[in-house]
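Okay, so chain A shows up in both of these, paired with chain B first and chain C after.
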Partner chain A sequence: MEILNILICWVICWLNFVIIDTFFGLPEKPGVRGAKVIGEKIKKIGGDLNGGYFMGNIVCSPDASAGTLLASIMYYLMGVDGGILASFFVWIGNRLCADPGYAGTLGALSITLIIYLLSPFISPKYFIVGMVLAIFTIQGFEHRYASKLLGEIYRRLL
Partner chain B sequence: MMMFVISSLVSMIVAFFLRLPLYPKSKYSFESTVIFPTPILGAGIYIIFKYLFFNGIEIAIFSGILGGLFSYYSNRIFGE
Partner chain C sequence: MINEILGGIAVLMIIRIFLERSRARKLVYLCCLNFAFSALIALYVKYPAGGILAIVYFIFSTITSNAIASSLEKIYELEG
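Our next item is the complex of A and B:
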């Protein structure tokens, strides 16, 4: 039962942050110079340039991935208050990182809404595990295939 | 839940009277607008004050005013 909950949360968190980040243009262009360097490096080892920009932008400023993780942690600690507080702090972090902050803030708000709607069935702690697994599949497992997948999603969606 | 709505609405009204634009022009625009990020700032400041002081409608209205001002001056605080 625990494994099933973790798998469901993994899928929900993955879809939440990938769709919001793609929609707000993370794969389109690098926001800061560090993201550009990471994108070009990933292209050099055989990945996709747009997927590389996506991964570089995730590293260089708090986007919907960080928003999802922080909002699920804060929801676990403080309930709905925590989710909205997390989106406020994610916005401040975004502005400190020279990012307008649409993706991170809306990602935190949307995962707060999802956890609130699913709270009778799934405890918020599973969303923390799910988000850690989701970010591991993007950033930690295999950069080439992850960037190709993200670039493909970007070209299909937009 | 009611207090979130009050603080967000007050912050949006303050931002409206400070003549911020209603909605962002593009998804890369740094400009503060009435629908983003003003209500989030109002609600966030309200939660901080609620945990620091007490829960009440005056705290919600006060944090709404602060949120509107913070949104108005955010480009000067953080730079663009």
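Our next item is the complex of A and C:
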């Protein structure tokens, strides 16, 4: 039962941050300084340039992935107020990194809404581990295939 | 169960950071380590202050990564 909950949260968190980040144009161009070099390094090992920019933007600025994690942490500890507080902190982080997009804020608010709607069935702590597993499949498992997948999603959606 | 998964991911990421040769790609693994670490902080310190601590840790580690990556970009530009 626990494993099933973790798997459901994994899929929800993955879809939440990948869809929001793709719509805010993370794979399109390196939005913050430093994302470009990571994208080019990933292209050099045989990955996709747009997927590489996506991963570089996640590393260099708190985007919807960070918003999803921090909002689920704060929802677990404080309830709905915590989710809204987390979105405010992510917005401050976005401004500190000179990020023009507000993907992080929207990601935090949307996962707060999703956790609130699912709270009778799934405990918020499963969303925390679900988000860490989701970022593990993108950033930690295999950069070549992850960047190709993200680039493919970008070209299909937009 | 949850803490074991998070701890396992963190240890795996530390090993991969050691084995990775490229400096820019080390940062990508480090980002995943930061995610696992701030989740562990929040799950161990079960108070709202623990959540604030996790947020501050995460956002400032992101700013550090941003600074390192933009310096790497400058270095590659200078080297040509």
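One rule holds for everything that comes next: the second predicted complex is superposed on the first by the 157 of 158 C-alpha atoms of A that agree within 3 Å, B and C clash if a C-alpha of one lies under 4 Å from a C-alpha of the other, contacts with A are read in each partner's own complex, and residues count from 1 in each chain.
The rule is simple: contacts are C-beta pairs under 8 Å (C-beta built on N, C-alpha and C of every residue); 3 or more make two chains touch, one makes a residue touch a chain.
Keep in mind the model is a prediction, meaning the values are calculated, not measured.
Engineer: Examine A:L96 and indicate which partner it touches, taking first as chain B and second as chain C; both and neither are also allowed.
Structural biologist: both
Engineer: Counting touched residues of chain A, say whether chain B or chain C comes out ahead.
Structural biologist: C
Engineer: Is A:V59 touching the first partner chain B, the second partner chain C, both, or neither of them?
Structural biologist: Touch partner of A:V59: chain C, not chain B.
Engineer: Scan A:Q139 for contacts with chain B and chain C and give back first, second, both or neither.
Structural biologist: A:Q139 sits against chain C, while chain B stays out of touch.
Engineer: Answer with first, second, both or neither: which of chain B and chain C does A:S87 touch in the superposed model?
Structural biologist: Touch partner of A:S87: chain B, not chain C.
Engineer: Is A:F24 contacted by the first partner chain B, the second partner chain C, both or neither?
Structural biologist: first
Engineer: In the superposed view, which residues of chain A touch chain B and also chain C?
Structural biologist: In chain A, positions 89, 96 sit in both the chain B and chain C interfaces.
Engineer: So in the complex, the part of chain A that touches chain C is made up of which residues?
Structural biologist: Where chain A meets chain C, its residues are 2, 6, 32-38, 41-42, 45, 55-56, 58-62, 65-66, 69-70, 73-74, 76-78, 82, 86, 89-90, 92-93, 96-97, 125-126, 128-129, 131-133, 135-136, 139-140, 143.
Engineer: Sort out for me which residues of chain A touch chain B in the complex.
Structural biologist: Counting only chain A, the residues touching chain B are 24-25, 80-81, 84-85, 87-89, 91, 95-96, 100-102, 105, 109.
Engineer: In their complex, what parts of chain C are in touch with chain A?
Structural biologist: Touch list, chain C to chain A: 1-2, 5-6, 9, 12-13, 16, 22, 24-25, 27-32, 35-36, 38-39, 42-43, 46-48, 50-51, 54-55, 58-59, 62-63, 65-70, 72-73, 76.
Engineer: Give every residue of chain B touching chain A within the complex, in rising order.
Structural biologist: My answer: residues 1, 4, 24, 27-30, 36-37, 40-41, 43-45, 47-48, 50-51, 74, 78.
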